[in-house]
Each structure stands twice: as C-alpha cells, then as structure tokens.
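The first chain written gets the first letter, and so on, giving A, B, C and D; residue counts start at 1 in each chain.
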Amino acid sequence: MKNLRFGTCLPVFGQCADRYVQSGYKEENFTMRQMFERVTKVPDITGVELVGNWHINDENFTEVSGMLKDCGLNVCMVVPDLWTQGKWGSGTFTSKDGKIRREAIEEVKKCMDWAASVGCDMVDVWLGQDGFDYPFQMDYQEAWQQIIEGLRECCDYRKDVNVLLEYKLKEPRTRLFITTAGKTRFLINEVDRDNLGILCDLGHAQAAGENMADGIATCGELLQAIHINDNYTLWDDDMMVGSLHTIESIEAMYWLDRVGYDYYYTLDVFPYREDGIRAAQESIDWVKGYYELIDRIGKERIEQVIKGGDATEMSKMMREAILGVR
Amino acid sequence: MKNLRFGTCLPVFGQCADRYVQSGYKEENFTMRQMFERVTKVPDITGVELVGNWHINDENFTEVSGMLKDCGLNVCMVVPDLWTQGKWGSGTFTSKDGKIRREAIEEVKKCMDWAASVGCDMVDVWLGQDGFDYPFQMDYQEAWQQIIEGLRECCDYRKDVNVLLEYKLKEPRTRLFITTAGKTRFLINEVDRDNLGILCDLGHAQAAGENMADGIATCGELLQAIHINDNYTLWDDDMMVGSLHTIESIEAMYWLDRVGYDYYYTLDVFPYREDGIRAAQESIDWVKGYYELIDRIGKERIEQVIKGGDATEMSKMMREAILGVR
Amino acid sequence: MKNLRFGTCLPVFGQCADRYVQSGYKEENFTMRQMFERVTKVPDITGVELVGNWHINDENFTEVSGMLKDCGLNVCMVVPDLWTQGKWGSGTFTSKDGKIRREAIEEVKKCMDWAASVGCDMVDVWLGQDGFDYPFQMDYQEAWQQIIEGLRECCDYRKDVNVLLEYKLKEPRTRLFITTAGKTRFLINEVDRDNLGILCDLGHAQAAGENMADGIATCGELLQAIHINDNYTLWDDDMMVGSLHTIESIEAMYWLDRVGYDYYYTLDVFPYREDGIRAAQESIDWVKGYYELIDRIGKERIEQVIKGGDATEMSKMMREAILGVR
Amino acid sequence: MKNLRFGTCLPVFGQCADRYVQSGYKEENFTMRQMFERVTKVPDITGVELVGNWHINDENFTEVSGMLKDCGLNVCMVVPDLWTQGKWGSGTFTSKDGKIRREAIEEVKKCMDWAASVGCDMVDVWLGQDGFDYPFQMDYQEAWQQIIEGLRECCDYRKDVNVLLEYKLKEPRTRLFITTAGKTRFLINEVDRDNLGILCDLGHAQAAGENMADGIATCGELLQAIHINDNYTLWDDDMMVGSLHTIESIEAMYWLDRVGYDYYYTLDVFPYREDGIRAAQESIDWVKGYYELIDRIGKERIEQVIKGGDATEMSKMMREAILGVR
C-alpha cells in the first residue's frame, strides 16, 4: 500500500469550543504538552500543525521544540494566526487599516522563520477573516489586489519556505475571498511566484460545491497539503473522516495518488462530543482502508472505468468493493 | 435476508427529458408496452407505478391490464396526474380557480377507482404544483385549508384505497406546501382520516434537510411507500441508489426495517445518460447488498451502537463492515 | 402604524464570540449591568431576554430585577440554558443519561418560576443540543418520545407560564430534532397542552428552507414570540434585519400582522464586527420602515395581489413601493 | 441615468417547459416569428440571443435576418447549441467520443460565422453538458485540457468574434466544469487568447455561492455579457429580476458600472407561469429603477460607504433609499 504520512491540527486533541459552548465541550483544559502527549496515543501521527503565537512564538520556541522532540513529533505546518483575535475581525491582508495589513504580512513572515527553524518548509495562509458579511462593504478589486501584493511580499521574503493558500467559501465571514480551487489557481497565476502552493481542506472543497476529487485535480501539481474531515456539504462541520461520503472519499484518495500527492494527510476534525484520540484513530483507519480498497480493486480497473465514463460500471465496481460481489 | 419487493416508476425505463433536452436523452421513443417489456429485463421488479391519464385511463384500462398480465407485473401504485399539464401549473388542490380544484380532486378519485380495479390499494398524491414561486403570491393559510378539505374528500370517497402524501421541498415550484416528514404528519393530524398515509421519497427527504433515517422514523407507522434514489442533498437529482450516501443509506434501510416497513421499494431514478435497465438493476443490487451488510453486522450490534450514541463506535462498526477489519 | 414592542437578546450588546475568536470580537468585556445600560441606548427596546443561570438565577435574582427596574426594561423572555455548557453537549431532553434529562427538565421549570416572578409569562425552550451529528447515533423515535414527555412535564408544572418551542434545522448539532414550523406543530399536536406555543426565529425559518411568511403562517395562532435577523439562507448568520431579503421580509411583516401577532419583536443579531447599539437601532428602523411601507401600499391592495396570485402584479407593487413609480 | 441596452433570450417569450410539463406551461405554441413579435411588445428590448441550429442556421439565415429587420431587433448574441440534443448528453468539448468533440467545436465555429454575418461579435459558449454526475466518471484533468484546446481552436478560428464563457455550478449535469468566476478566469489564463471573455449569468453567480457583485468584480474587464434573473441561491430558478435580492441586486448594478460594463443587459428569465411580456417588462423596470436609486444615493456616497466598510452605515444608506428617511 501507498506509504502515508499523517499529521494533525491540535484542536482535534483539545476542548473544542463553538459559539454556544465557548469554554469547550470537554471538561479538561489541556496544556500544549498534554495535547502533544495525547497525539502520541495515535502512533500513526508523525506531524503536528502549530498555529503562530498560540503554539509557537519567539518566547516558547526552544521549549516547544523540546516537547516535540520528546514526543517524537515533527512540525508539518506552521499556520500564521490571522483569525483568532478580535483585531483581525475585519480582515488582515485586506484590512481597511494599513497598520493591520502590515502586521498580518509580518505575521506570515515570522511564521516562515519559525517554520524554517523547526525544519518545516511550509506555512498555511488561511485568510479566514478576509471577505465580507454584507453588500457594499468591500471594494472587491482593491481587496484582491491587496491579497496579491501581500502574497508576493511573503513569497519573496524567503524562497525556502512555501506559502500555501487554504481556500474556503465562508466562515467565519459569511463570504470569503479565496473560495474555490479554481479561484485559488487564478490567484496563484496573478501572484506569479514559485513558492506558492495550495492546501486543500477536503471539507472546504465539499462545502464549496466541489466534488473533492475535482477539487484535488484542479489544484493539481500545486497541491502540497491537505486537511481531512467530512461534512454535510453545506458547512465546514469538521466531522470524522469516513462519516458520510464513502464513494466520493475513495475517489478523492484515488486522485491524490493520481496527482502524485506525497505530503501529509492532516486531520482537521472537531470532535466536539467525541474522544479526540479515538476520533483521530478512526479517521486514519478510514484513510488506510480506502487505499487498501483501491488496491483491491486495482488502479487499472479504476482507470478503465473512468475512461469508459459509464456510471453503472462505476456503481458496480464500487458496490462490489464495498458490499461484496453478489 | 429480509424479503424485499421492488417496484418502479416508468421514467426509469423511458427517454428522460429535462428542461434543456425536452425530447429526452435517449434516441428511442418507447411505447408503454416497450417500457413494460424493458421492466421485465430486471426480474426483481414486480410492481410498476402508473400515472393516471398517461399510463392508465378509462379508454386503455383493459389493454393496460392485459399488457401487465403478459409481463407478470403488478400495479404497486397509481399516481394522479397533478403535475404534467400546463393547466395544473398554478396549483391543483390550492388553485385560485375553483374549477381546477374540483378537477384535481376528481382526478384523485378516478385514480382511486383505477387503482382498486387493478388490485392496488394506494394512490400517491404528490402536490408538485401546489406551492408558490414568489412572495405575496399565496394565502398560505387558505391554501393549507384547501389541502385539508381536498384530502378529506378524497379519503372519504372510498375507504378501501389509501391516499399517500409524497412530500418535497421544491420543484417544479420554487417552494411547495407539503415539504417535510414533520409537516406531512402535522397535515395528517389535521385531516384526521384513517386511510391517509405517507410516501417518503428518500431523495426528497435528503433535499429537505433530513437524514433519510430520521425522515423514515418521523413517518413511522404511516409510511406505506418509498421512492428510492440518491442525490447531492440540494436538489432532487434522482441518481441511482448507492451513488453517494453509503452510510446514511444503510441507516435508512435499517430504519425501514425498524418501523416495520413491508411495502414496495420503488425506483424513482432518472437515468438521463445511463441505460435504464442496468441503472435499475444496480439500484436494486445496492439495496440488497445494504441489507446483507446489515445482517452481517447483526441488528443487535447496531442497536447497541445506537444505544451507546458514541460516534466513534458507529464509525468503527461501519468501517469494518465496509472496508474490512484491520 | 402598528404599535410595535421591541425586545433583545443580550449577545446583541455583548462581545460576540465564534469558534475562532473565542474571547469575542469586541475589546471590552461587558458586565450584565453594562449590557443593560447599552440596551437603554436604543430607546425602542423595552424588553430583554434573559438566559437562565447566566443572566438570572436564585442568587442574583433580586439584583437583576433591580438593575432592570433602574434601566426601565422588562423581561420579555426567560430562556433555559440547555446549550452553553459541555454537559448538555450530547442532548438534554434526549440525553442518553437519565440524570441529564432530569436536570434539563428541572432547568426549564426553574426558568418558568423565574419568569413568573419577574412578570414574564413565557420561556423559550430551544433544544439546540438535541439532535445528532452522525448516522446511527440516535434512536429517533425514542428521542421524539422523550421530548414529548419532557414537554408535558414542563407544561404541567405551571399553567400560567407558556412554554415556547424554538425550531432550527441545525447548529450546534449538525442535525436537530425540532427543525421546521411544520414539525413543531406536529410535536405540539402530540404533546397536547394548552400552554405550549412557538417562537419563530425568522433566520431559522429561512435556513430551514421556509419562506419566512410561510413559516409564520404555519405557526399561526401558536406563534407567541419571534426572533428577528437575516442570513444567506444556508446558515444562521444572525445578520442585521434588512440586510438581504427585502421583499421576503416585508411579506413576513405583513403575515405577522395577518396572524394577529401582538408580541415582542426580539433582536437576535450577532454584530460580531459592528457596533451593537447601532446594529440594534438599524434593525429596528428596518422593521418600522417595513410597516410604514405596508401602510403606504395599503393592506387592501396587498390582499388583492395575493388573491390574484399574479407574480408580475406582485413585482409591480413591490417595485413601485421600493423604487418609486415610473 | 446610465444608458442601458436590453436584450433577451427567447424562452422568456416562449412556452417554458420543465422536466414535468415537457410541452410547456403555456397553451400556445409560438413560432419564431411570433416570439420576435412578442419581443417587440417590450420596446426597451433591442437585442435577441439566437441559439444555433434552433433559431439560426444555414437554411433559415436570410429569413431570420429579414424577420429581425422587420421587428427592428439586433442579434446581441449567438449561442452554439451544445445542450439541447441527446447527442450532447455526455459532454461536448469533453466528450469521450472524439467525433462529438469535433462536432462541438465546429458548432461553435459555425455560430461565430453566423454571428459575424448578422453583425454580432460574440458567441456564448455555455458547456452545460460538460461535467459529470457520478464519482469516477471523468478524468478531470484530461477534460480540462480538452476544454483549453477546444477553446483555443475556436478563438483562433476568427479573431473578429469574441468567445464568451458562461459559468454555472450545475444543471443539467449535477456538476459542471466551468463553475465560478474565479475558475473561469483561471481557465482564460490557461487558454491565453485575446478574444476570450466572460458572460456572467447573475443567477448562476448566486447559485455558485458568489455575491453577484463579487462575481462581477472577479470577471472584471473580461465581462462582456450578462444574463439577468433572480433565484433562491440554491438553484438556477430563472425568476424575474427584482424578485428576491433587492440590496444585492443594487450592489450588482453598481459594480457593473464600476467595471465599466457597457454591453447588453440580457433577460434570461423563465416565466413558466407568468405572462412573458409582462415578466420581461417588470424585469427591465427593476433594472432601471435600481440605477435611478443609485443615482439618487449618489455614487460618491456609495464609494464612501464602501471605503468605510461599516455595515451599519451601508444598512442606513440602503434603508433610507428603499424605505425613506425616518
């Protein structure tokens, strides 16, 4: 079977809050060390995503590196915090306030440095607060230009770290700017830098009206990170992998292989009411199982079915693999 | 395994038109006899749904009965045509035109008679043109009252035929009146007749924001017919069973069993671009396979998992059944 | 013009947190007294909704009453807290844990007492944690039965306080049980108590696939409270009234009048990035403006247009009222 | 006020069929000449869109030109028929059948010729059958490449006719390939031809999760045609302009002006149950009214509000313009 590397976002192992239960659904309040230790309970996981300032900063840098070493974990991604503080609420790269725009760009650069110094060559720029809520609230073209220029500055800051764009249709703003795989590729064309790539959150792809496989194929060679989770397609529910979309998930895995994806499979699940450790293990076991099933079917057969384009053939192939030959 | 009876709507075996390809995606133009013969190519199917006036009427009654006998097929449902003619466009039971309301009710009664005389004890009242498109277009309360009174008259017409209500959120109107399982049960409370039940189209349930199993459980003992198909949850795509929602479909089958459902599993698939015969066979094979899988898991285990309510346990159970034990 | 009473939920005047900015988008951390004082900055508002335990409890009861008196505010609703604590996460009335179910019911009763003693005759039972996230997680019929029995106990506890049900399709669970106006009425039929009514959140109605006016008409005489806000129809965005759905909002106001609604118009807006006081004022000014516009058109003309059912007539009527006669 | 040119698709003035009422909701069956004459009943309309083969072909070319002349109408767009015949059902530019791909490209070229000879310099390439319905049905990357190459061939065929791409998320396929403004711009980057532009159907934009204004701004200088209509945001309902989204529509008009849009405002409304002539007139009157309202507010004020980004200011501005100053 394909050799897979698994990573995780830390909220998978944390308290999981929402706008109603703001202190989190879990009774315990985990420290960062405790979260790392919880991660080690899922031996498949070898990488963690750290959010700038929260998990990693100039003060705790050495300490965090030590903890991770103790736990045998790598940093698979550093994520600039451009979305957890009130000051980012009305935008970062597209803030109407030049000072905020500056801070946001510097934040990304700091994260690029932190990433480099822990041996990670990518940062995940998710502009979750850059968008709008109401009509007549933004100059869409000016904002787009600001994103382009901000990204150029970040990419130029250091070439040894890749800047990945994570797209999402909405939330926390009711509308975001970097929404779909296609629009992200258009943006990357405009920015025109070599160290710019894409992080595809498979749940975001679904909630943007994409079949996950189609999203992955659109990202193509620019895809350098994924977040895995599932949802009901209308919202970023961050459910466990495998929950709902069996066949589309299998197709997504097949296409990750097709585009030569060879990076981390990173959990971005919010197990509000579940045990995080078991939710992580389950999610990983689904991914492994999907690939085993693909191997059982055989990639040649899958390729033949796609070439044929006959939906009943596809149906038969998947049914026999999932429910058994009749 | 559970003893299953399969039925079908005739469009499964027809040309399949939409608003763009109005003459249908298939080259051939099938006669009714040809459609019946096509149905026999799928030996599991023993029942067909006939639409009043189109498939069955006072003129062709004997002929159709003969054809069906020749083909060894039963009539599992008669569906009053309240949605294929321009005259129904602005409503039937809720038309602003009293003459149209009267015609609509008489249409249902005629279908009840036809049903009875072909040995079928149910009609499917789908008020697909009763709703609205624009604001300020309907007096919602008056329309609701008209539906109640119309249904009472139909139910009282003859007690030996059950009137089933088929709910749907929208299409062809942008909004319909009988939208969800819950609202249908409220309506049935108001109508207050014993021979009134529900037809749950599993695709309509999904497109109404219901998990199929939840819709089935809400219908409960009033559920006397189902339409089976799948969709992307935002529209009545009428895709082949098994296409997308594997786990939710298995849960739906489990709940059909739980509520003691013992009627037809009727295909309402639109294989616009597929071979209808194979699409029907595939859909049936998925249903059978779902029930075999439920048997393999064992209902006791499923019950235990539901009692526990632990989503990771559910996940493990489904994963092992679908992808194999690791 | 219609005499209108306005109320408000307190988050309108608070920090407004979401799952990303858990400490809230506003810099200040308002005390309850401060929130009340902020409410008085919007003179139209005469009532506030208090959430049990958070805003009102046995300890602070006298103090809160005093503060409200000082501010000239009434309590227009008491809302049992069945959704802000981790312990409610897997359900309240439908928890698998009998102890939790008991606590939940007692919570409602306590709120009924608190309500009565501050001169408010209604509580808002929003079962926001009662639903499910994953398939095979709930026994839907058992849960429904538990809701029925729990509500009967609450209603029977004291007849002088009305128990209102607030429906919502989803969030915080990915699926809730009390989802639509129709299903709520079905539930009320089953519970069969006189002091049971409905709170219709106009945003929830939209996100449940209802036109607001249709939701209101379905609630009918059982409608005893509303929450006002707007959204993009796919999620409970809790935007300012008037933001997006102009014509449908006007129709909703017209229907509130039609069903004889004579209770509070209560703001449930989340002004994450706006000034709460101005957001509240704006929302109220839209409501007043809607009713003034209805008066300018004249209810007779509106009635005529509805009777006619001609969408182009409706369009002309609204266009001339909104954009002026050409 | 802005000088506006109005065009129309012919179905606005036709029978309007859907998959249920396949013969159309209107009793009369209009000939092309009758449709043109009906168009003249709406004097604002000066252009019509002709669909290749149906409305214009080598045989009827002179006759149609004559009719249009008689009616004083221009051809504002020629639309290659790549979606009304069963043969296109499984794709045109991306068909698995090389012969079909060839036919499709030739179809576009023929339309370019017809367009040129009636004095129209654009064709609307809407690849409505190019997409997929089921997983594992398409090689997304190969299809994308075929679209790129097909478009290059068309663009190169003659430089004096612009090829416009019309994007849509879905329907008639459950998923299409050219889905959003962003993805269209990415595609145009890849095709890299000067005579390639965009037709933005404002209803498609909404149903793709875009605010119309944002879609327009994303299209920017490449926007050379629009289709106007409204919908409930989840489906291409093709409702009359002005029906639902008042404020977002005003914003869209403002942005059309901002990007310097100076082409036809073309009706793509399906008045299934309305009189087509009055539905067209109403739609046009809304557009004119929107621009008058923008003039009353003043573009400077709008610009100031956008610059400020304060949603309550926006709300006040729109409220006063729509409902009057309080």
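Convention: a contact is a pair of C-beta atoms (placed from the backbone, for glycine too) under 8 Å apart; a residue touches a chain by one contact, two chains touch by 3 or more.
Model, not experiment: these values are computed from the prediction.
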Selected interface, A-D versus C-D, where C-beta contact pairs are more numerous: A-D
Longest centre-to-centre distance from chain C, chain (CA-based): D
Interchain centroid distance [CA atoms averaged], chain A/chain D, Å: 35
Distance from chain D to chain C - Cα centre to Cα centre, in angstrom: 39
Residues of chain C engaged with two or more neighbouring chains: 90, 133-135, 170, 232, 234, 240, 243-244, 247-248, 273, 311, 315, 318
Chain D partner contacts - residues on chain A that touch it in the complex: 90, 96, 132-141, 144, 169-170, 175, 179-187, 189, 208-211, 213-214, 217-218, 220, 247-248, 250-251, 254-255, 258-259, 302, 305-309, 311, 314-315, 317-318
Contact set on chain C toward chain A in their complex: 17-27, 83-86, 88-90, 128, 133-135, 170-172, 174, 231-232, 234-235, 237, 239-240, 243-244, 270, 272-273
Sites on chain C touched by chain D in the complex: 232-234, 240, 242-248, 273-275, 278-279, 282, 285-286, 288-290, 292-293, 310-312, 315-316, 318-319, 322-324, 326
